[in-house]
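The following pair of complexes shares a single chain, chain A, combined with chain B in the former and chain C in the latter.
After this line comes the complex of A and B, so read on.
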């Protein structure tokens, strides 16, 4: 009796969140699956000519942009995530050992997190500006000629480099914050014990700090990979809606899979485009899911909870 | 190797600049190869002293010597100490073997030798068959042994233990303290352990050092300190049940409690505190002190009589008598007092007269 009352109570507490999630998350999620299997869906008329198993997926995959998007997404993910995790780890270990002004440093490193991504993207576009950008100015001091990073007709590799720098930097703040809180929860006695046992600093980092921080590192890595697979804001922030440096061809585009989804959505009034967007998002979902499962398997052996 | 602390003072400064003197002008020589209990109530500076010997804390004043060597400015890793922390600080992600081998790997002992030494040490402390377990899979007593093995494996000059038994349950505590004594005997290593439990310290130490408020109170073999407390603090701190303290006075070289003479003392007339150990009372129909028994606690081996405190009814005195005497609550019993179980203290300073 009491238990049933408690269950009822719990349901009431959960209700507001459940209603919102149902309307804005669960329904769109299932609807996306549904749309992805409709043949020749007309968004404006809400009508379709029956179902197709792979038709929409085939349309997505055979789109020349799909290959480009896959390549870009993979590069962004597999380069920016490991690098930013490692840099964040080193910065937070350094920050944690700073005694004076630690609060001030923490604030500085956390500021990017509370700043709008688009605004930062624009700021980075200026840093990488060929003529009066900060980066080329600094390179100039070392006698290096200005490089066209993101300007007119900039090469794909230059643009990608700039994008990666921005992505890595933008992801640091949150990672540092999580790592720092993790570091501060490690019992100081481990370090005293290590000191008494004459542990070299490198070994303290690799044998004590990193293993004890491994749950945090795992959490950050998984969420960062998921976030990187969804990269889009960073690109639009830096290159605008064309998703590529001005004057370049679409083969040099920095479009990602999410970019592909939005691209299809932008043409939702054309036959079948809505279903293509749904199919592309399901492809992304599948990749992300498989990747996360693989990581969880690895973590069973590598993470010390 | 002896350890000598000379005029050691440690002051902690809080954020608001207020200062706490944790250890105050501490002088002591710890003899080589002995098991020493550093004993005192919490906050008395005993752990601070231990950590200064370890080198994890630096004294504000004074010098620390290992033998003739001044180690005051030496880093902990160069002092050759083994330290067992209160909660052991075993690395949770390493197996027992990896934990014990860790100090050896740090100083680049060849792997073969390190494995052998770790195994030998584990066998010595009796955890030889648990080498592949993680600390979480061990009981508190086993973790304690791993910590001791890890501290001893690099053959330190001194073994330091911070409250080694406080995280163990009562039964394990008895077994482990014998174990510590055995390991210390077998290795012959100078060992200092910190505890707030007087029974623990008295039972296994070759010598105890009593501290209070950062100041050394008394040093000596446990029985000597118990039999001849220098001051009220020492008398109160040692012994269970604790010593009975009664207000008294000295008049004409006689010590009086509630007007009747209990012993003699060649000192000037003054108000005093008289301490009598619970086992110092002897039932005698012609005894000098008559007390009304309030309650009786029987444990079989002997019997504890509880007497209401003269001044404070919330407190009580305890008298241990032979179990032969069948005494009931409400009985009025006469006692004689054994002269070596009664101590007289200055009421103001607490110094023994």
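After this line comes the complex of A and C, so read on.
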């Protein structure tokens, strides 16, 4: 129940947030589209030579980095997300089934969420160090020779593997938290009924827990796809601003779509670069939008039990 | 009969062992980067550089705590970076809290023209990648004279670092949910007593929603602490702590000093861990809720 309309009072309460959002959120949104269609925009002079429909998009897409970025971003997204969703699901189911030490485990699993992506990226880079790293030390116990994961001239696939491990590590915390709270809200009656029927544990998991959790699993998977598609800080953490192991060529770069945006922005003074940054960000937006629309469609129709 | 009971008991115990092994295994996986960071930060430069493979533990007498941490602390002006980061976090968090409290109150409690449409428009912006805003915000901040590659004053740097972050659609949404849960009866009772909206907001709603507000304060401050991209773009001469991390930790011959680098990483990570340990409840609740509501 609300009181009657009072536009003036509402305006008073809304003004501070709305002014800030207009300047730093709404206007940038429209301006990104405006910039992306300017021809030869000179940022220093704030002037352009008219408009171009696809010019800036073409510049972005025909750049060899674009293909590399698309490949890297897709691999990061479609490999790390399913793996971390499955691991997070198993961990939260396991965590939900134990009583002792549950709180302690929960705290440990949540730690990656509150840490600094750059600092932990540096730690991971050192874990993967060829000579002084932990991973090669452990592999050495099994007679495996040191592998050059992220060092000088490291191969793209090795560097990508290291990045994926870090990405999965970083993605677990949030998913575990959400799944765990989802599990705790499942009605206990289902499990009591299963116990009365002496249903095996595996069937309880596949016939009760996972179906009841399915809307949440789906939601988390799609939002994680979107999040992973915006990967950037993890790569800076592990590889620095060059976004690739030292000594490697740009074709072996681990650059992502967000990396393209910031690369273009870093050269904003050059002709047309600001527009290319805007075009790249619109491409990123379109891709994440597809994920969002798919999610909206499916969660409208299916998944509910 | 006796046998089957024993059998199920054994199976239950085996299952428990399996579950705990699984959990311990992944707990170790999660903790390894922290352990490696701490361990390396305690070793001497020599030890890190000469031991192949590296030792996985460290003897008490080999610990070079002061050496590494003091040099990491001095390698970049961390003291300045931290003070600046804390100041930026304090300003933007205070701003965010006030603007979102006001706006959330309007959306949760007041009736005005176009309310639902406006709220929907705000929520929709959450789907848009931040990079899209960053480009124009960089231009805006330059146009306002807060940033120029030629140089900026400390005040200009602070304006550039804080003004775009004085409000947040996500926290506004989050707070509105908390305000919505307060029963209408309370509001009606306050109205009967002649309490003004302003007083009702500060005396009733804010105290009731204070756990949510605390969560917002913590998450927002932690976000500033880990900010990297924006400060690097618009405050080149006034970096925040996380920017300091990527400064070179190299010795005279260009060799990376890993112990120093890891010490620096730990210096930046530790405050986050301490805040987490003390305010775990608020952070975890905020996160699991944000996941459910979306």
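By our rule, the second predicted complex is superposed on the first by the 281 of 305 C-alpha atoms of A that agree within 3 Å, B and C clash if a C-alpha of one lies under 4 Å from a C-alpha of the other, contacts with A are read in each partner's own complex, and residues count from 1 in each chain.
We take it that a contact is a pair of C-beta atoms (placed from the backbone, for glycine too) under 8 Å apart; a residue touches a chain by one contact, two chains touch by 3 or more.
Computed from a predicted structure; not experimentally measured.
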Fit-or-clash call for chain B and chain C when the two complexes are aligned on chain A: fit
Comparison of chain B and chain C by chain A residues contacted: C
Which superposed partner A:262 touches (first chain B, second chain C, both, neither): second
First, second, both or neither for A:212, with chain B first and chain C second: first
Once both complexes are placed on the shared chain, angle at chain A toward chain B and chain C, C-alpha, multiple of 10 degrees: 80
After superposition on chain A, the shortest CA separation from chain B to chain C (Å): 6
Sites on chain C touched by chain A in the complex: 15-16, 19-20, 22-23, 26-27, 29-34, 36-37, 40, 48-49, 51-54, 56, 98-100, 102-103, 105-106, 109-113, 115, 118, 122, 125, 127-140, 163-164, 166-167, 169, 172, 184, 188, 191, 197, 222, 225-226, 228-229, 233, 242, 245-246, 258, 261-262, 265-266, 268-269, 272-273, 275-276, 280, 283-284, 287-289, 291-292, 294
Complex contacts: residues of chain A adjacent to chain C: 1-7, 9-11, 13-18, 20-21, 23-29, 31-32, 35, 43, 87, 90-91, 94-95, 97-98, 105-120, 122-124, 126-127, 129, 131-134, 136-137, 140, 169, 172, 174, 177-178, 180-182, 201, 216, 219-220, 223, 230, 232-233, 236, 240-241, 258, 261-262, 265, 268, 274, 277-278, 281-282, 284-285, 288-289, 292
Parts of chain B lying in touch with chain A, wherever the complex brings them together: 54-56, 75-78, 81-83, 85, 87, 89, 91-93, 102-103, 105-107, 150, 154
For the chain A and chain B complex, residues of the former touching the latter: 187, 189-190, 192-193, 195-200, 203, 207-208, 211-212, 214, 304
